[in-house]
Amino acid sequence: MAKMPYVAAIDAGIHQEMRRDPDVLYFGQNLATTENHEFVAAYGADRVRVTPISETAEIGIAIGAAMAGLRPVVELYMAEFMLVAMDQVVNEAPRFRYMSGGQVKVPLVLKAGYGFTCGWAGQHTGSLTALFMGVPGLKVVIPSTAADAKGLMATAIRDDNPVVYLHHYMLTLEQGEVPDGEYLVPFGKAEVRRAGGDVTVVATGWMVPRALAAAEMLAKEGISAEVIDPRTVAPLDLETILKSVDKTGRVVLVDQATRHASVTAMIAADIAEHRFKALKAPVVQVTAADTTIPYSEPLEAHVIPDEARIVAAVRAVLM
Amino acid sequence: MAKMPYVAAIDAGIHQEMRRDPDVLYFGQNLATTENHEFVAAYGADRVRVTPISETAEIGIAIGAAMAGLRPVVELYMAEFMLVAMDQVVNEAPRFRYMSGGQVKVPLVLKAGYGFTCGWAGQHTGSLTALFMGVPGLKVVIPSTAADAKGLMATAIRDDNPVVYLHHYMLTLEQGEVPDGEYLVPFGKAEVRRAGGDVTVVATGWMVPRALAAAEMLAKEGISAEVIDPRTVAPLDLETILKSVDKTGRVVLVDQATRHASVTAMIAADIAEHRFKALKAPVVQVTAADTTIPYSEPLEAHVIPDEARIVAAVRAVLM
Amino acid sequence: MSLQPPNAERQIWMFTQMVRIRTFEERVKRTFIDHPGVIRGHTHLADGAEASIVGSLSHFREGDAALATYRCHGYPLALGSDPKAMMAEIYGRADGLCKGLGGSMHLTDVKRGFLGTSGIVGAGIPHAAGAAWSAQIRRKGNVVLSFFGDGASKQGAFHETLNIASLWKLPVVFVMENNGYNVVTTTAQEDASAAAGEPLAVKAKAHAMPGVTVDGTDPLAVYQTVGEAIERARAGQGPTLVESKVYRLSAHGNIIAPPGVPLHYPEHEAITVFGKREEYEAALRGDPVPRFRGALVQNGILTAAKADEISSRVASEMQEAVTFALNSPFPKVESALKYNFA
Amino acid sequence: MSLQPPNAERQIWMFTQMVRIRTFEERVKRTFIDHPGVIRGHTHLADGAEASIVGSLSHFREGDAALATYRCHGYPLALGSDPKAMMAEIYGRADGLCKGLGGSMHLTDVKRGFLGTSGIVGAGIPHAAGAAWSAQIRRKGNVVLSFFGDGASKQGAFHETLNIASLWKLPVVFVMENNGYNVVTTTAQEDASAAAGEPLAVKAKAHAMPGVTVDGTDPLAVYQTVGEAIERARAGQGPTLVESKVYRLSAHGNIIAPPGVPLHYPEHEAITVFGKREEYEAALRGDPVPRFRGALVQNGILTAAKADEISSRVASEMQEAVTFALNSPFPKVESALKYNFA
């Protein structure tokens, strides 16, 4: 175990796999522009390359390289930049295996930060997870801790399918204990971050620490919240969530996205269908206000879910 | 009133507005390539133009023209083609008014067919509505009848915001009565297509006739289904849906999309939060199977929701 | 670079492949009349482009790869795919090349180096560059061929990819089949270079890449031009843009007809939309298949009798493909849920 | 086409605008030290590009429009926007040009023809073409200026738009500010033309459009080159690609620092990443602001005293902007929900 920031843990995951498997590539904009670059120095310019600002070609090239047997990791920096190449992400990469009747596989990782809610304003602050989670053939990963950042990245690289790996910008420097040596975190297994019996709180990314902080505040009032972090939303470990609902009968779902673009709506709908009997209260979502993200600090803070809103939602479902 | 096919009604809506307002433009690929083209002949080459296969530029140009005071309607043919220009659709058009503090408006219509489930296979058959519905600043329209096709198109053109107008391919030649003369259908007002008291069925696009057919079958068993067509999913007329749930206490939501990419999940989550007390049964979704759409006919039919699956879902929520 | 022309045997092979493509496409087209409803969705034929396809793929070696678009029936035939499995795919059957999941627009035969086809215009161009990156770092002198239409050069993906391929000297050859039309739009109506009377190969100039134009109806000219580009690529000197000028002899596709309207192939848009029957008839006079046959007979490489024999052998082969495909069962419905994930 | 050079008064106006842009940017930069935390997110300065911006916008007329990127502080100043409102926007205040909703990357001033700025590389280029379509059909001889960086020419949007603009002869001028870098990547590392030693203006050749390269640190040269392109556009002869070679004198932006790391401006990447201090110092010796001042003084258009007076007037103007912005209140939180819809 070593303490390291989330961002270093992501890199550790990439290193682990690049050392192990010569077919892993790592490329994207504004990396590896000198020979001293950590990855270029370690793995050479065959496997580590800087690209132009051409997301469509970058992701398209990753797809072709994957079909030809390599395992590309594309550095995208910000999830929004995938929008200019959305066809490659949702209508190319995840389709080829299927349309070819299983002849090809397309193992690649699209690594992108998201949720830059510290003044990045209207076009760089989105939480786009829901755009990807429902696409058959695509996997979607959202680490919220340094350990998961490493282990989920390694698993993403070994996975034989296209994976969207979304790391949260506000967690970049969060320190965490990270297992040394080979470390893999399985897909489709939610983590119960805090056990509790009164209410189930589900959150992803930056909303996980906010949910945990809210649980801490609630504990002082004698309310015991179970906080679940799905870690991967495709595949989604509904089982762990439903098991918790069976126990608590009450659910609050927290998402940094706007309500009708949220992952939580998908989960809420699944709970409403599969746990009608177990529910003792409405399934409540705490999501961003329905707006483009404003630049000005107090306005930005106003529209993003915070501990107070999570606490209030939990109190409401307990009434 | 005149009987006409859905596709002609869409055109009627565009004509109505182009005749009325010289600022309305109509352009896209593979239209207006001869002087005999209906729209070019009527409105001239200043306002009606064929474009190259350049969706990013096409939609981007529409945005710029809109900011400069015009009202473009972009013919996209298939919703998937918007994916290559997704940044323009979700991160440009709906952002400018907000980011400029209300200085500009971006009135434009992105007209696209969807749901080509008659052998168009993996890349052309998607139901992408949910990708658009949660974007603040964007409106999303899905006409299911010829009359709505005309009236919603006209309203979309007059709206001062970017509107994604999704017409269903399988409805192209469906005949319907369409009001003559100026006709507008308001946004944000769901239509109760069939009144009923036992169960609320919500469906959009091609799923509306399937839901109505299912309701017909259920009526023979003495089950009275209320079928609601939201018509616009952004804004969403939740009120009409919730009112129906208050009456029936039971809900089945039908979507041609896969489950975690569906509009129905958004609506289900809203119902689960706002009508917990009224519900007498689980909120059930009938969606496409979680797969890329296969080419072969029996396989395609197998994965898309049909009357039988809707009927079965209704029976289940009535048990 | 200079390339030996193909020997007589190879030319006969080329002719045979051209006839196979043409005959296959004729059988696809006839299916709409003989067996309505058997082919669904949108189908795009390669008739008219046979010389370009075969001339290009004559240089294919073990380990090379090719990628193309929805207009994809020609390439796998030339690469050795089984026409029975291809026709079965187009008919949506269990014995289809892609198990009935892909259909006409998505033929794929990885064993023969035909890696994938995208139905989204321009989207497959970077895939080819990606496969070329793999070839580059594996250092076995392999090359990738990227086939696409003139219209595709109006997609950003085309330019983004050409820039990277040139910058990285990837072993890829971009073969643009310029058939003068994007559906019902002429190149001059959608392309500034064409409108200015310039060849589309000029687009290579934006990316410090050689751009050449070749008569795509002449298989030996294509053999030469694409062959030189391939040699360059194999030698590590980077990509080339080849504009191969062809004319499609059928309509763009079997009509984007909504349900209710029977699918069929009307005449070429030059006639149905633009009323330019002469243009179409001139193209027909230049039809690459009879023209190459004529040249081979004239040069004594083939006798008329031998040419006829090839044609009739191919006719039986394609009749068998149709029969096989018609008799192939539909896939089991459960198979619809397979293959989403590896 | 030949264009009269600007008269003395106009040259003094140009100099003044250049000084205003430089001083404004210096005050933005100083804010990170003087008032840490007041500017959030990512801020990109125009220092080094003043001659290019002012030379281009000197030709602006009523009804013309300009659009740009996240690096957008320079244009509105030259177009007459109030630096107080601009600084207040960058500080996220209620009196901001965009009410505190947009911030540094999205300055907009519609009344002055500055229509919009996209933070997504390349995305704003088609917006300019769209505004030019409007100008074309309104037939008032108006023109649209599209400003973007060298890196943006690697986005598909750039090529797609140039093709359409050329084909339709839209009245738009594409001003590519080539500062030699996309963040920490040099043009030669990402652009095949640059790697081959060609100017980026060569990309116009793919679209039958004139492409010219100009020294973007010389305001009179830019005035001439962009002016001719504008005349051409107003006359209905279509667009031009102008590659304006500049050097940015600050780092790309105030560091993409995660929360916890204070935002600041380190030195230019030539120094911090590539260790090429000489390159940066050469650029500094060619700094367009003192150079133009020197020329004006030498030509007798301006005395040194008058030049100093301009500088000190501008210094007070920008001090006022800072003071105003610091004193402007934050917007009411409810205003965060306004303006999503018209």
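Order of writing sets the chain letters: A, B, C and D. Residues in each chain are counted from 1.
The rule we apply is simple: contacts are C-beta pairs under 8 Å (C-beta built on N, C-alpha and C of every residue); 3 or more make two chains touch, one makes a residue touch a chain.
Computed from a prediction, not measured in an experiment: that's the story for all the values here.
Note on connectivity: the fewest steps through touching chains from chain B to chain C is 1. In this assembly, D is the chain whose CA centroid lies farthest from the centroid of chain C. Centre-to-centre separation between chain A and chain B, using Cα means, comes to 29 Å.
Per-chain CA centroids place chain A at a distance of 36 Å from chain D. Per-chain Cα centroids separate chain A from chain C by 40 Å. Those residues of chain A in touch with two or more other chains are numbered 51-52, 54, 56, 80, 83-84, 87, 91-92, 94, 98-99, 121-123, 136-137, 290-292, 294. With touch defined as above, residues shared between interfaces to two or more other chains in chain C number as follows: 96, 100-102, 106, 118, 120, 123, 154-157, 160, 163-164, 167, 190-191, 340. Arrangement of the chains shown, judged by which pairs touch: all-to-all, with no pair of chains left without contact. In the complex of the two chains, the chain C residues touching chain D come out as 154-160, 162-164, 166-167, 190-193, 195-196, 198, 202-203, 205-209. In the complex of the two chains, the chain B residues touching chain A come out as 56, 80, 83-87, 90-92, 94-95, 98-99, 121-123, 126, 130-131, 133-137, 234, 236, 257-262, 264-266, 268-274, 276, 279, 281-285, 290-292, 294.
Residue ranges of chain D in contact with chain B, taken from their complex: 65, 67, 96-102, 106, 108-110, 115-116, 118, 120, 123-137, 144, 156-157, 160-161, 163-164, 167-168, 338-342.
Residues 39-42, 89, 92-93, 96, 100-106, 118-123, 151-152, 154-157, 182-186, 189-191, 258-261, 273-274, 330-331, 333, 335-337, 340 of chain C touch chain B in their complex.
Chain B contributes residues 25, 46-47, 49, 51-52, 54, 56-70, 72, 87-88, 91-92, 94, 96-107, 136-137, 160-161 to its touches with chain D in the complex.
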